[in-house]
Amino acid sequence: MSFSFGNKIKITMFGQSHSEKMGVIIDGLPSGFKVDEEKLAAFMARRAPGNDEFSTPRKEADKVIFASGLVDGKTCGAPVCAIIENTNTRSKDYENLRDVPRPGHADFAAWAKFGDERDVSGGGQFSGRLTALFCVVGGILMQLYEEKGIYIGAHIASVGEIKDDAFDGVNVTKDDFVGDKAFPVINENKGELMKEHIRKARADGDSVGGVVECAVVGIKSGLGDTLFGGIEGRISSAIFAIPAVKGIEFGRGFESALLYGSENNDAFIVKGGQIVTKTNNHGGILGGISSGMPIIFRAAFKPTPSISKPQQSVSLSRKEETILEIKGRHDPCIVKRATVCIEAAAAIAIADLIL
Amino acid sequence: MSFSFGNKIKITMFGQSHSEKMGVIIDGLPSGFKVDEEKLAAFMARRAPGNDEFSTPRKEADKVIFASGLVDGKTCGAPVCAIIENTNTRSKDYENLRDVPRPGHADFAAWAKFGDERDVSGGGQFSGRLTALFCVVGGILMQLYEEKGIYIGAHIASVGEIKDDAFDGVNVTKDDFVGDKAFPVINENKGELMKEHIRKARADGDSVGGVVECAVVGIKSGLGDTLFGGIEGRISSAIFAIPAVKGIEFGRGFESALLYGSENNDAFIVKGGQIVTKTNNHGGILGGISSGMPIIFRAAFKPTPSISKPQQSVSLSRKEETILEIKGRHDPCIVKRATVCIEAAAAIAIADLIL
Amino acid sequence: MSFSFGNKIKITMFGQSHSEKMGVIIDGLPSGFKVDEEKLAAFMARRAPGNDEFSTPRKEADKVIFASGLVDGKTCGAPVCAIIENTNTRSKDYENLRDVPRPGHADFAAWAKFGDERDVSGGGQFSGRLTALFCVVGGILMQLYEEKGIYIGAHIASVGEIKDDAFDGVNVTKDDFVGDKAFPVINENKGELMKEHIRKARADGDSVGGVVECAVVGIKSGLGDTLFGGIEGRISSAIFAIPAVKGIEFGRGFESALLYGSENNDAFIVKGGQIVTKTNNHGGILGGISSGMPIIFRAAFKPTPSISKPQQSVSLSRKEETILEIKGRHDPCIVKRATVCIEAAAAIAIADLIL
Amino acid sequence: MSFSFGNKIKITMFGQSHSEKMGVIIDGLPSGFKVDEEKLAAFMARRAPGNDEFSTPRKEADKVIFASGLVDGKTCGAPVCAIIENTNTRSKDYENLRDVPRPGHADFAAWAKFGDERDVSGGGQFSGRLTALFCVVGGILMQLYEEKGIYIGAHIASVGEIKDDAFDGVNVTKDDFVGDKAFPVINENKGELMKEHIRKARADGDSVGGVVECAVVGIKSGLGDTLFGGIEGRISSAIFAIPAVKGIEFGRGFESALLYGSENNDAFIVKGGQIVTKTNNHGGILGGISSGMPIIFRAAFKPTPSISKPQQSVSLSRKEETILEIKGRHDPCIVKRATVCIEAAAAIAIADLIL
């Protein structure tokens, strides 16, 4: 089912953009683990809009209530249910979108699937708002991973044509992670150029896309499975659950298709008594299994479909073309906020292998 | 589990490169469907090596035996089990690879996971040989899809830097498919250049990578699910099960990350009484759900890791560096054969939505 | 996972006896269905203790809050999450049970599994309190089933040695159901004897066991699957999730083991143009598949393990034998309240087949 | 899906009574385990008919071929596929049953589900023949369990009204198991009476039912899960997959419904430094979790529906009543052969908890 993921660690979500509550059940966590709620709140704050100039007008408190599974803050073996109240009341703001689907949004597909009964408010179950639940789960999992020396970090790899520096696939460690920065890039000069590009798009009532790069470090070799259980497949399943992702690549990815085998194959060497690869074009995954090198992947985000510019659309009821104009201020680039969602989704994707 | 896929239509595979048999169980097919075994054989022949200059020396007969589930050639409601005998005897050829992992292959990861008990022969469970099973399942499913007007076709989008023409995302139909060609490209001039590039790599004892583009046409709108049930996630799970895939993108994919929202959003229009999009940057998927437009995706294949050039590797037992030289003729580019595997994997990926 | 059930209709529960909230996510319900909340409350009230002489002192309001999945009271296609607040505060009452497991309860097994981190309060995740969630789900499903002419009803088949009349396996209809009675038996004279037996046990600080019989009527033939997908297996999986169930039998059940084939086989006849069986020893299930006859099963409940009589137990920490005496008033017979839980569990068990 | 079971250890079956082959894939076994094929053959021989007076005329060689997953007889980490050739050719013998369903058999239900496309030959996918696959899996698993000191044994608890002695629920060990006997009972005098009863039924062209009791010894405490993951539910799911089972009970089972709590609760005591229960009315399971005491359950088998006596049935095509007379010799009591199937199913049921 589409709101569930995982097997050994099974997560099941619920909620829509404007439902009374949204939440997630996490089943299978080890018992006796103390959740650091402050740290979790800090992790989730990285996703929250409204804290800088690149924001939607919506305020999201995103306070997490643990409805079950914790006793005195520690996991007790029962499923953990974490709930977030949706403080936004169901408004009439979206009623005008009931009949005219926003280009690039799920509106039309939702109508095709669920008909008039769909929840149109705020995008319903298709809202990016649900990524807050990814962050709850990912934030908890990453606390557990830290105890095993495993860390996950993502940065903005590009906005439009402007590229950040890349992680060093061989040597990247948690000290290279930039999640604490307000604008999470490695090269801050590039970050300034990106911001400029975003500001310009916003001024035009437009939006821009980008790429997020993510590294998982500290993972031992031999995890994952063949065929449908490969790490690439697991991670991509979780990453494509994030709205607006349209591509994913591991290691050298699409670029490796341009190379010769002799260029792309990573030589095995002995370093500090360990067998490692000299380069990391394979992105830490061989045959679907971890090689012990950092897992590196990149996800492409399309530009936020919500723009203020008038757009060509249709009336669903009348099957007539019409011009759609959406009022209000929109997030002109989700890639900044997406970095934390990507980290969380990666954490979810590998939970069955780590815990 | 890694050898299983799907829910409503559940497939479960078994086999290694040199196991006595390999096969696949398909559970959930509608009863009363007559499998066209000749058509299936023709589909599978597209994958078989040994039929042209770009081949491995291995001969694979790949005759499919239906062990269960068919009565007089028609599905009877019991699971269909299709079996392929592995005529290659388990040889000693691979014994020299037991201690020295081939760069770019799964050898090292398999050793890390299963230790000395792993099946080293022919790559064991990590062998590309298992994609024959994808073709058995995909070939059957595509026969069922045809009855619903759904067709799947893939072509070689690029080999190294040489690009084929792309499918027209808006207008592509089954008549544009090139699976019948010995070298499945749209633009045959580009095909000749690709072949030249591959020949050169082979002459150098090297290999090359490439990209496969795939279209699914005839799918109605409203299929798929939110979050983890989105079509992108479903397809990528199946595609990454194919060895050597390192990236996937849908619609405009990574390119959409370079665009403005106003460029990337696909306008809705009314055409022939139907609501469609004017362009297809979204690749037929919005919010994880089909829009009714052709589903378009591309998968990046790394160069075949098997090359004849000497390579840097290690002895697993002695933890010492060593030079590996692999004798024999290898497939210098798997992308040609991969087109049929991609079609099959796409068919598997969407089975739960179609049947 | 143990808190999840089903495939097409997937339910996932959370909560412990004294967790802040408990709840259930139901994914896969058809969209556009109006939940009758009053009817649901009435259904759940049948389970609630505290409304007659055979009650625990605990008051359970069990008001259901729909946190997601409903828009204007109708399903919108997103998962429905129903939440019940646990008004009982986590008390110190159970602290004395932390070290001394109650005989017949899950206390010892919970300690063996989760150690000191287990939630000891009120039985934690092992509490019968969680059956309220079964009733939420079952109550909603049964409203959907009614639209298809399918009804589920259970009665107390026996308390100790006292037996109620049995359902007529061939002719039972929803009009024979007794769920509306305060003490749900067919033969009220027998009901009086049962009550007398229960009162006596309570006076002795003891408890009694019993059997619940359940019928599912209106189900068409041909539902269910072979082997592990048979209806008996589906129903028993759900029924054994109810605390204190120690046996289940279908149709003639254990009694059929005493018979000859010629006695037990149900003859096929034609009645009103339909093929039916003359008797219903098979309980509506042949080869795991529905025959179209009423599905009949019985579940055996052991006596409530909570009794006031002093009992032999041990100190877990000291590994010493000790006498346990539990104060307070306990439910001397859960079979009355269990009838509604059995109906709900049966509804859950067959959801994948009906919806 | 109905041909699959388990999660961590996942088994998937295929085959019909008269399909060319039948088999089973076992995924998730630890690598490096040497399967003792002779021991497996001996285990399977206990199920095979044709080796004594109580037999069907069908000869079943049931030679197991390992198609994949073993290298030099040891598991290599890839799924193990075990195949049995069906030497019985698809005969016309069953054609007369195509239109007239046998009372008590799955014939009618299969027709209702699959219509005319069903495999009617030998009962198709509903045939007891598929229990050979249970024995393949169970036989392998039980070899793995022995390494952990876990043993499973079943005996004929009753045939008709004649009862064997019961296992001593507290003290039973593998030395009490009787699987090696040609007629697996504890009390051989009772065994003689049972045989006499079966012979008489056969002479009358009739059949008899019975009960099988099974014990799992050596299991540690704390295994299993709450709610839908309880051991009772797991075992019953597997046991009801065996044709002709109509009831199951754990520990004291239905009898416990007759008792007072003070009688049924098992006192905790300290014995040899371990916490155990003084009696074992709970059958080794509390709250769905193992208590460390032997797991004891009983399954009720209805009389074999195949009898030679003329029976009332119908023509499916003409919807007319007709008398059915089945020629040939039938197994008058399956309980003897069922003991090994019950052991195997129990082994399958608990695999996710043990391995």
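Points worth noting:
Should a chain be cited, it is by its letter among A, B, C and D, assigned in written order, with residues numbered from 1 in that chain.
The rule we apply is simple: a contact is a pair of C-beta atoms (placed from the backbone, for glycine too) under 8 Å apart; a residue touches a chain by one contact, two chains touch by 3 or more.
As the structure is a computational prediction, the values presented were derived from the model and not from experiment.
With centres defined by CA atoms alone, the chain at the far end from subunit B is C.
Here B-D and C-D were compared by C-beta pairs in contact; the pair with more is C-D. Note on chain placement: the centre of subunit A and the centre of subunit D lie 47 Å apart, centres being C-alpha means.
With centres taken as mean Cα positions, subunit D sits 40 Å from subunit B.
Computed from the mean C-alpha positions, the centre of subunit C lies at a distance of 26 Å from the centre of subunit D.
Across the assembly, subunit B contributes 1-4, 13, 78, 110, 113-114, 125, 226 as residues in contact with two or more other chains.
Only residues 1-4, 10, 12-16, 19-23, 25, 27-28, 31-32, 65-69, 71, 74-81, 83, 110, 113-119, 121, 124-125 of subunit D touch subunit B when the two sit together in their complex. On subunit A, the positions that touch subunit B within their shared complex are 1-5, 13, 101, 103-110, 112-114, 125-126, 130, 158, 160-161, 201, 204, 206-211, 220-230, 232-233, 236-238, 240-241, 243, 245-254, 256-270, 273, 275, 277-278, 281-283, 285-292, 300-307, 309, 311-314, 316, 319-321.
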